[in-house]
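For reference, the structure I am asking about is given below.
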Amino acid sequence: MLTELIKSARVKALLPDIQAFMAAEVFPYDLAWSKLPFGELEPILEALREKVKARGWWLPCFDAHYGGMGLSLMEHAFISEAIGGSPFGYYLFNCQAPDIGNMELLHLAGTEAQKEQFLQPLAEGQFRSCFAMTEPEFAGSNPVRMGTIAKRVGDEYIINGHKWFTTGFDGSELTIVMAVTDPEAAPYQRASMIIVPTDTPGLQLIRNLSIMGHAGSGWPSHSEIRFENVRIPVENLLGGEGTGFMLAQVRLGPGRIHHCMRWMGICERAFDMMCRYAATREIEDGVFLGEKQMVQQMIAESRAEIDAAKLMVLSTALLIEKAGQRAAAEQISAIKFFTAKVLGDVLDRAIQVHGGLGITDDTILALYYREERAARIYDGTDETHKASLARKILKKYRGG
Amino acid sequence: MLTELIKSARVKALLPDIQAFMAAEVFPYDLAWSKLPFGELEPILEALREKVKARGWWLPCFDAHYGGMGLSLMEHAFISEAIGGSPFGYYLFNCQAPDIGNMELLHLAGTEAQKEQFLQPLAEGQFRSCFAMTEPEFAGSNPVRMGTIAKRVGDEYIINGHKWFTTGFDGSELTIVMAVTDPEAAPYQRASMIIVPTDTPGLQLIRNLSIMGHAGSGWPSHSEIRFENVRIPVENLLGGEGTGFMLAQVRLGPGRIHHCMRWMGICERAFDMMCRYAATREIEDGVFLGEKQMVQQMIAESRAEIDAAKLMVLSTALLIEKAGQRAAAEQISAIKFFTAKVLGDVLDRAIQVHGGLGITDDTILALYYREERAARIYDGTDETHKASLARKILKKYRGG
Amino acid sequence: MLTELIKSARVKALLPDIQAFMAAEVFPYDLAWSKLPFGELEPILEALREKVKARGWWLPCFDAHYGGMGLSLMEHAFISEAIGGSPFGYYLFNCQAPDIGNMELLHLAGTEAQKEQFLQPLAEGQFRSCFAMTEPEFAGSNPVRMGTIAKRVGDEYIINGHKWFTTGFDGSELTIVMAVTDPEAAPYQRASMIIVPTDTPGLQLIRNLSIMGHAGSGWPSHSEIRFENVRIPVENLLGGEGTGFMLAQVRLGPGRIHHCMRWMGICERAFDMMCRYAATREIEDGVFLGEKQMVQQMIAESRAEIDAAKLMVLSTALLIEKAGQRAAAEQISAIKFFTAKVLGDVLDRAIQVHGGLGITDDTILALYYREERAARIYDGTDETHKASLARKILKKYRGG
Amino acid sequence: MLTELIKSARVKALLPDIQAFMAAEVFPYDLAWSKLPFGELEPILEALREKVKARGWWLPCFDAHYGGMGLSLMEHAFISEAIGGSPFGYYLFNCQAPDIGNMELLHLAGTEAQKEQFLQPLAEGQFRSCFAMTEPEFAGSNPVRMGTIAKRVGDEYIINGHKWFTTGFDGSELTIVMAVTDPEAAPYQRASMIIVPTDTPGLQLIRNLSIMGHAGSGWPSHSEIRFENVRIPVENLLGGEGTGFMLAQVRLGPGRIHHCMRWMGICERAFDMMCRYAATREIEDGVFLGEKQMVQQMIAESRAEIDAAKLMVLSTALLIEKAGQRAAAEQISAIKFFTAKVLGDVLDRAIQVHGGLGITDDTILALYYREERAARIYDGTDETHKASLARKILKKYRGG
């Protein structure tokens, strides 16, 4: 109910149409997503993208100057939930990671030339991009430990390094790479972001990581890549030298809101399937699955937890809007681990209620179950966020 | 953050003062509450009640005509949290169960004579009242099974029956008793509520139930009582004959919001104590308890869960205000079991962080731990609310 | 320690050799299992099977007359754990489901002709078999509801029906099908088991079910199949008419012990990987992942739970050996849901400790995570076993 | 079943008689325990102790030379469970903490004179003793931080210090105090144990700690005490100087087995009550509480967890018998936190199933619920044991 208070008129008008579109045009492809390689999906996706564009829903959270709808963070949160119920929902609206994060970076810190060359076509969906930060040699939770070096020689950076979990590298036109440009600087000012066209000599795809049994190709892939003496003109530096860590933080902030609300979309989808199945699956003559208390328990707990998680995310989005991302640091940590847990629990219960059917790819549940195990790991593990939140709280209790 | 949107100007002005009052004037009695019998507490309580009155905070959620502040349900929710951090907070503001529920009943359904005779002095805090519904012979979750009979004979009801968990009977002036007046009526129209002065012949205290080691006396007591041919004039009928069940539902609705927000007050109190202890307890030279990740985990999870629970309760309160209690039935069930679990978990963690100290009565935590175990039982067990919520949801998925 | 008491001398001698074999010869194929289709795995598997035979470990739990080692249920439990740490461990020793269950059925209830024709080559590993019981139209937890009919006409049964989750149908030589032979009989005496060569006309593969993203082929596949007027000579009836349900129970009993101990093997494997990673993964200079208390918590809880689960399974195996399967019905239910939960929790924690690496197929963990989600569903869901156990217990408390 | 293997003939003979005695003679006092002060309980307890003695069950785990039964650790484990179902069970058999631990210390390290003066009458139950180790100023999990000093001056120690949680001080004849005798020694050799008659000048009772609402008196009390220049002859040193820490470890080891098995006794008692109530409580006409799946779930999970916990404890006891306490350090940590959790969960469920009745003192459940919250804290918190277990495991994975 509280959520109604913060739903803008624009969102209220949009939501029913978008929900109807998802149900009628996108959900029927559930089974395709988990079975077809990206190359075979692309024609379907392109056709759906055209429908999205035709309805005026393209790039919901991005600047109208670049063809977006210009929704606020909060407005986009509601849209995220509505389109999160399909694994390709975000892609269809061109607000998928990692591209949307890259667009935000280019918008914020890009030069006019960079915007024209890279941001404009990304916004139009002409090509895809990726973001190369994580390295296999260093634990992800500590961004100041990084082995990739961009050494300035004349008007060029020469980049050497090893990255993985570079989402969507396969088939993309450009990557934004995080690399150390000044190893002697203060820890959080050592790294910079540099735009690297993926056909630059020396930039090699080692492999697409197989994730939870999915070999990966195209957009839904995660690559291991290597930079060997990759030479990039200094004009491709994004923001100033040493601003890499700061930009990464900026990039992650709204991204976490988007993820969390997308997860809420998944939760609602799974919840709906669980209820429908429980209400209609006959287990004995005239007795339906949903009459069993153990099933009722799963439904009731899921409903309460989804509602709770959604309120927390929206409350955090509101705080970011009013007071900025830094002021919301505690809440962002809290929603990250709280909603990721709700997501995992709701998917687990939805599968359990479906019994044998739940583990097959005859429903979308099994895909979400394996793909979204990562939710408790990426963008900061549960453990990292819990420790971080607690330390921020405890700091207020000490000394004086 | 979302909660700020629904905080009225009046509440914003009140809260800091009430919080300061609680911390300065009430929390210092923490240890007294768990050690002194009610008789010895009463002078302390009366003095504090006078201070509350003097500040204009008496009866926050009740009609100004009767000396209350006339706050809305939502406004009272915020106040509830603020005063919930002491076991006697509600009592001090004269909004304690069961009296406040009785006042609401009398206000809603009482005749002018009943209001003058019973409501006015209750509102002034001149005496206390109680509510006799639960019976040992019948499971609490089924209100249509009831053994207490009020048989009309002439101008009187003759009441016979056996009740327990009659909170605050000891020392009260009147009880509102739920009794079957027409065993032949439709199930939900069999019972009525009747106002019974506690000195009426035939109404006997069997014993105060010892609850979690607390013998009980005065207000914080729960009695087993017997009605033996208790004769009451028909004028003492509250509302019409057969309206007992309906009135009970009315009584429970806002009561659950109050309970849940009171629990949030307890949670915040326990959370504050847990953090303070973790931040200041040295476990090795220069190493503080709060540096341990297992403690950080307890703090972080508690913070997230309290925030989630609070948002849910406030959202439900808003729904009740906008659409009425019946429209909020699902949400009310959800917050009942969700917040009761959060309450139990937060108290458990706060005790664990305090170690040996946590199980002593040197802090208020141990009192809350044992007293509030009941939160998952009274006003509908977790199981009842979960089953009820799930069935309401599933009903929408069936056939047609 | 208690487990040592029940380890026979034979098992004590065998275990170190088998464990060493698994580590040296089988675990190196971890990554192959999750990436290669069965057809490409088969040559590897055959070579390993030859090694197993050469060491005298073939068919550990089966009658020596058929080339097995003749280990007792308890002895096999220990072996199960040792070979459970690879998804193909059981297959290598020719004690994989569903074949071993079929061999047990044929051994118990088969005629001499059936044994010669079907059991002998299965025991030798010449071909594979499958077991067709579950039907998509009927909830799995109720074996008396079954749509497949085998109608006797002259010397033949004419079988019509629809089955799914027929594990290993793809590429197998025979299926044992459960079908109703007398719809008028008492509920538990309606069904019979019939041996059906898979090339019999009318028996069709509809599809291999895609399970958790795995299309399935050969042994690790689960098929949906249809019987359309499949004609089978009455000589292929297994056991007497109407004994289907009884035989199914017999088949499931030791199977559950095997599953549970195999899961323990998975747990130990995952636990070992989790500890190794925690001990050696540097997260800051000189600081290792395992120094973090949240990781220590995951390790400690996993260790305790695995030990507990293992003791329960072995205790149940002992009870079956001493008193028979029926006497152990409560314990069998208890270990089924208890160990399946431990399995799921340990795998989840092992992945979490591995971070990003954990969700890739660079370790075996992600394979187990998605494959073994089914553990809480097959052979009776958690819910079925919990309800069944509780009802058996409560029965003793009733009546007079 | 596994447990039968390790039940000695003696235990098999004893158990039915002891169980019958507990049910017939001790359980009827359930309600008395939670309501009467120790002084009023003592005559009841003495009469029951006489019955125990008369049956030959006195001091089951102690040397026959001192009038005990001389049972092994394992045998005593079974007895512990049998007598653990009453809060006074241990007391009746004279194997209650802290006396039994003190007897073990005196037996192990006492001089002949100490044994005659202190051990003999303790064994006979002539008086009670206590053990003063924990200090409010220092976190309990670190035994080398201790403020109590025993300074040797001539033939005396002069003891100064502050202790709390000195169980049973009230009314006892002697305390064994842990004090630093050499602050310059290696950390684990600084402290010694000294026997102090409680009437020695300078030893003062500050107060009995109120624990979970229980003021405490006599044996079931926990005192805060102060040593002010308490002068004790050096003959009262127990063991050598500097052996305090080592002796404390020795004292804790079997104590943890006893605690864990006593908790199993509580679990079985609570489980029995939960089942009986569920089987017989009618919630609608002809419908019993135990028919509800949510209740069945609580029963089934409790049964499995109790069985698991019991097997772990017995397995650890066996390991201690065979290989000594040091070899069982990991298992002891595991059972401490595992069984304490099972205890808490089972009690919580038993109360929940009982509904309102469960929180009253009309059953023993509420007493156990509040008293045994301490189980996760004393003798090492859950967190301490988990961290300790994990570190021991991880040590094996490092280096080499």
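For reference, chains read A, B, C and D in written order, and residue numbers begin at 1 within each chain.
One rule holds for everything that comes next: contacts are C-beta pairs under 8 Å (C-beta built on N, C-alpha and C of every residue); 3 or more make two chains touch, one makes a residue touch a chain.
Protein identities per chain, from UniProt: A, B, C, D = (R)-benzylsuccinyl-CoA dehydrogenase.
Just so it is clear, the model here is predicted, and its values are computed rather than measured.
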Among all other chains, pick the one whose mean CA position is farthest from the mean CA position of chain B. C
The pair out of A-D and B-D sharing more C-beta contacts is B-D
For chain C paired with chain D, centre-to-centre distance based on mean C-alpha positions, whole Å: 43
Counting only Cα atoms for the centres, state how far chain A is from chain D in Å. 52
Taking the mean of the C-alpha atoms as each chain's centre, how many Å separate chain B from chain D? 37
Sequence positions of chain B contacting 2 or more other chains: 292-295, 297, 383, 386-387
Help me check something: in the complex, which residues belonging to chain D touch chain A? 292-294, 296-297
Given the complex with chain D, which residues does chain B contribute to the contact? 34-35, 134, 136, 139-142, 145, 164-165, 209-215, 281-284, 289, 292, 294-295, 351-352, 355-362, 366-367, 369-370, 373-374, 376-378, 381-383, 386-387
For the chain B and chain A complex, residues of the former touching the latter: 1-3, 5-6, 275-276, 278-280, 288, 290, 293, 295-297, 299-301, 303-305, 307-309, 311-312, 314-316, 318-319, 322-323, 328, 330-331, 333-335, 337-338, 383, 385-387, 389-391, 393-394, 396-398
